[in-house]
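Labels A, B, C and D are assigned to the chains in the order they are written; within every chain, residues are numbered from 1.
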Amino acid sequence: MANADALDAAFADGPAYVPYLVVGDPDDESSKAYVEALDRGGADVIELGLPFSEPIAEGSTIQEALVRSLDAGMTPDRFFAFAEDLEVDAALVCMTYYNLIYQYGGSEARSASDASAGPRPFVERAAAAGIRGLVVPDLPAEEAEPLREACDEFGLDLIFIVAPTTRGDRLDRMMANVSGYVYVQARLGTTGARDDVSDQTTASLDRLGEYDVPKAVGFGISTGDHAERIVAGGADGIIVGSALVDVVAEGVAAELSTAEVADRLEALSRELKAGAERGHRSRTETVESA
Amino acid sequence: MANADALDAAFADGPAYVPYLVVGDPDDESSKAYVEALDRGGADVIELGLPFSEPIAEGSTIQEALVRSLDAGMTPDRFFAFAEDLEVDAALVCMTYYNLIYQYGGSEARSASDASAGPRPFVERAAAAGIRGLVVPDLPAEEAEPLREACDEFGLDLIFIVAPTTRGDRLDRMMANVSGYVYVQARLGTTGARDDVSDQTTASLDRLGEYDVPKAVGFGISTGDHAERIVAGGADGIIVGSALVDVVAEGVAAELSTAEVADRLEALSRELKAGAERGHRSRTETVESA
Amino acid sequence: MSETDTRTTEETETARRPGRRRGREDGKFGRYGGQYVPEALMPAIEELTDAYERYVLDNEDGFVDEFRERLAEFGGRPTPLQRADRLSERYETEVYLKREDLLHGGAHKLNNALGQVLLAKYMGKERIIAETGAGQHGTATAMAAAHLDMPCTIYMGERDINRQRPNVFRMKLNGSEVKPVTTGRGTLKEAISETMRDWAETVEDTHYVIGSIVGPHPFPVMVRDFQAVISEEAREQAIEKTGGVPTDVVACAGGGSNTMGTFAEFVDDESVALHAVEAGGSTLEVDEEAGVAPNSASLFAGDEGVLHGARTKLLQDSDGQIMESHSVSSGLDYAGVGPELAYLVDEGRVDPVAVDDDAALEGFHRLSSTEGIIPALETAHAFGFLEKHHEKLGERVVVNVSGRGDKDLDAAIEETDKRDVDGAPDMSMFTGGM
Amino acid sequence: MSETDTRTTEETETARRPGRRRGREDGKFGRYGGQYVPEALMPAIEELTDAYERYVLDNEDGFVDEFRERLAEFGGRPTPLQRADRLSERYETEVYLKREDLLHGGAHKLNNALGQVLLAKYMGKERIIAETGAGQHGTATAMAAAHLDMPCTIYMGERDINRQRPNVFRMKLNGSEVKPVTTGRGTLKEAISETMRDWAETVEDTHYVIGSIVGPHPFPVMVRDFQAVISEEAREQAIEKTGGVPTDVVACAGGGSNTMGTFAEFVDDESVALHAVEAGGSTLEVDEEAGVAPNSASLFAGDEGVLHGARTKLLQDSDGQIMESHSVSSGLDYAGVGPELAYLVDEGRVDPVAVDDDAALEGFHRLSSTEGIIPALETAHAFGFLEKHHEKLGERVVVNVSGRGDKDLDAAIEETDKRDVDGAPDMSMFTGGM
């Protein structure tokens, strides 16, 4: 049974470390070990990727992980069973594409003349599996009403992604719908590990300053140094995906043991978490010395 | 040196046997033996084919013979040398396409602003080589004036081909230009040995009845029986090409000796000549008994 | 000048004919359509929507005039509406062919590609990207980009590259960069993802030319409006030649761009029956287990979902995973369809029909041998429909010949060889490839 | 109705413009032309001459009206005259393209094939035969025959069949019989001989569709008159678009049908320079010994002779044997040329230019990458000319794009790979064939 704390709690004391992995990559058993390693490494929230066949928002690292998971037979029901099975302290968030949410529960929901019937069964099942929030990269705020309602009904948070280019009306609309945290996209483009920290991040955090919701920055964070600088720059948390998925992919390529890969994931997690904490301290110090 | 009798003489007593072979097929030496075999077999006139690269009026049998000869290096000059070298009693006629006649003697003749300068050098050289007449299948009477003049100058006959479809003005114009004999095309189509005698032949001979020039029938004659029926039908001579070229081609394919091929050509010639003579007798008898 | 006159008349006309305006306001076609895209793309999509409204709808800076002129000069418009003498005899009805196969590039695809590349130029973009599956949209985009002097990158699955080499060659000849996509199965789906990925990083100076009436708003309305020139011409030509609008209009449907292009101007003519012919593949049965639909009949056999930015009808399994679709014609081989068509089918305005591979191949040979026009295999489905359903058609039928078949010779030899196709010539000397 | 009006105007026009009537009386163009054919064909040729005069010149039974209508509907006429923006910039002169590549089938060849097949129908013939080399004339004839429901046999050398399989496939798809010619070297020459042979046997019910302005009268004038639609349109379009006739008109020349088609209406406009661009092959030097001309520049390098029924300029050795010609483009690979062009060159009215294989390939890549039009390799020679001689051209140049290059992709890859071609994309992934 997953940890039942609310997402806000995860951001309550100190910067949150929010790692992402694709569930079922490369198989359910290893995947469980990997997610639990993230937890041991200090995860506050874990984003569990439920693979969709057309992941238009992903970089190639994550896309390939999604394909590995699908090829191994991942389905929404297996995903929920996986989540139920997990023994972790971190709060669980499901990251997937809207069509899987919309289809869940079969054709009855779909073919009802009321189009909003779609997402409810998925959210209900997710809640039962201990999922505390949803990230849906292809669902803009404008189309989010039915999902927002279902999340409210079952007590899940709906997390939106804010891009470097999001501002004005769109940003307001999004902020009116968001809960849990906002996913601040560090740069233009899709997911994927990078070496530098973007100026766009700082600008985004500035723009978001007035909104009272935790801001987790993602896209491209791969080292403790990154994490430090981002948190120092004002982020309430860091989201790390591709860098961790890379570790899994290397494990597949080099045929490493599950334990070995889990160890590496745990170690990288500790590094990232420690970086985030350093960043937080330096920020506090700056604030104090100011 | 070729026989110097005029062509008319060849038709003077009894039906004329007019065989055709491609000079230089498959090489000059064999070719000489073959032509001389025709002569021994009773030829009255021999049509010597000078190969042109685009023989549009030929069937595939003769076309392939032309290619064999060209591949072995035949040229107009070698052709004339070949004719000069022959030891035969029959009168020699050259059958070729107009471009070779027109080009002979090089670019001086060609580029003269008077287009009629073209054929003269060829005819002069042919006459010197003992050629008594020309057959030019792609030269219609309408375009024949310059060649006609050159032939008159050097004492050659110009033989025209009359098709089953030639009548009226065209026939008159042709008959006004022809000398030696007319080549009566037995059927529509191109050269090639066939098994039957065409009704078109009889019709053509009827149409030509009023003109006072020997009528030699060709296209498709291959046996003594054919020859007999054609001469019985009123022809003054028979022209045989593809049936003889076939014998040469078989010799090439079966790698027979030159002597063997020459014997076959002589034998077939005897059969054809005998057939023609039978036909002539039966016609004479019919006339007498009428 | 006369262009402007025509436009004005058209605008009045459009106002009287709501079908031509559908979706322009908000990208919605009843429950279908929308903008299901990553947030990072939203600004680009908004910028594009704005540009679409200004240039395409309001002819700002004379965009529409230039577009029409280039379509005429470079593309070869208008294409003829030709009476098909022998098909008319065969089916005892008047059959007319709208000859999009004569458009530059050999298919209707250029209408859209030229429109979008020109629009990108008006928007001040400096670079064009596009996905392609069979290569038809890619070649059209590459041509338009060369014509308008825009750098262009085409994403294409590695497997498709190997299957469609002549089209790859054409794109490269036209100066485009062709980027092989090696992720996943290396086909159209992955190429679309890869193009979206590129766009997400480069939205500021790059325009993504989508190849059909799919994707997020404003693509479905914009592509329809560019392709609508087909039906604008066809309707006028039909009236001029036959004295009235046709009784039936037929077009094949993959994503649906030639379909909506051919239907657009007739949607408001209630007397005109509209037939959208989908690829029935080998069978309409679906292999849920393998996630494979051996067809691509999303209008006929699909159900509602969200794909590539829009809510529409899809081929999907019960979880919502998109199926691998199949068709003898790679250009129809897509698991989704334009949201406007999904709507018009639900409304009963468009009649969806599936024609299987065999019937399409027969149609291919029938048109080739009796009318002297070798159609694209996509187009051939429309002629399979004619053979099967001609008895229910009225007395004046317009069929859109969406493309020519030169690109399909290899595939047609091979597929014909596998079957006993009615009316096919003996091709045994060629089997084993050319 | 308006068709008839146009015709009348045209006839008056023609009367004022002797160039359009040249050769119609007797098939003579100065010293060139004539009817050098076997006697057995003369009646067919006379029958055809009579039919040409009645139907084509006098529009008996409305032949010309039907021809024009079918050219428009089936063929896609008029083809555009397009301004080539980037070439105009490059050469600092206005370059316009006459887009015959957009004609059905992908080349100007259909103008003639459709005219002759229709004429055969008016004559009551029941069967069509034609020769083909590269397959372009064969495919055009096969299309026209299918369209007009005439049985059709195409003769093609066995070697050409192997080199041009896609075109063979197209002819068969259109319902034509393709007869391989195995005599001799199995190329165009032999195919012509074989077709003549068939014709000599079947003249009564068969029409032989010759593919260029070559052969005995009335073919050169008749094919010119059918192809003249190119220049009729181009002249009108040029006047409409630019306010006057062009200063220069450029067309490639093999047999010369697209050349004369493009020139015909301009011959009487003395201010218009006419450039006939021949295939210079690898060199203009001739190998007398081997009987090989590594080019097919008969206007530029040939001399007078008689071939395939007409007196004209030829590539021949000093004996008068016809040379094997060569060009990177198989459609220009012919040792003769139309007698009318030979005449116009002697008169100084037409400027003959040879462009070699390398320059043609560069032209091919230049047009593809800068204008988005992949030309036939034949056509590419005209663009090789433009590059080399643009400085001597006037301010308004019309170039005929005689055909599209889809048929040439394989050859272009291979030939580009052999050389270092300016502006060619990197195609290394494709070399070794596709």
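Note that a residue touches a chain if its C-beta (ideal position, glycine included) is under 8 Å from a C-beta of that chain, and two chains touch if they have at least 3 such contacts.
Because the structure is a prediction, the values reported are computed rather than measured.
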Contact-connected components, subunit C excluded, all else fixed in place: A | B, D
| item | value |
| --- | --- |
| Most distant chain from subunit D by Cα centroid | A |
| Centre-of-Cα separation between subunit D and subunit C, whole angstrom | 34 |
| Centre-of-Cα separation between subunit B and subunit A, whole angstrom | 96 |
| Centre-of-Cα separation between subunit C and subunit B, whole angstrom | 66 |
| In subunit B, residues with contacts to at least two other chains | none |
| Touching two or more other chains - residues of subunit D | none |
| Chain-level touch network, classified as line, ring, star, complete or other | line |
| Inter-chain touch pairs (all) | A-C, B-D, C-D |
| Parts of subunit C lying in touch with subunit D, wherever the complex brings them together | 72-74, 76, 79-83, 85-86, 99, 101-104, 106, 142-147, 149, 165-166, 168-170, 172-175, 365, 368-374, 405-406, 409, 412-413, 425-427, 430, 434 |
| Complex contact set, residues of subunit C against subunit A | 31, 34-40, 42-43, 46, 183-184, 189, 192-194, 196-197, 200-204, 291, 303-309, 314, 316, 318-322 |
| Subunit B residues touching subunit D - in the complex, by the definition given at the top | 52-60, 63-64, 67, 70, 75-76, 97-104, 106-107, 110-111, 115, 137-140, 142-143, 160-166, 170, 174, 185, 188-190 |
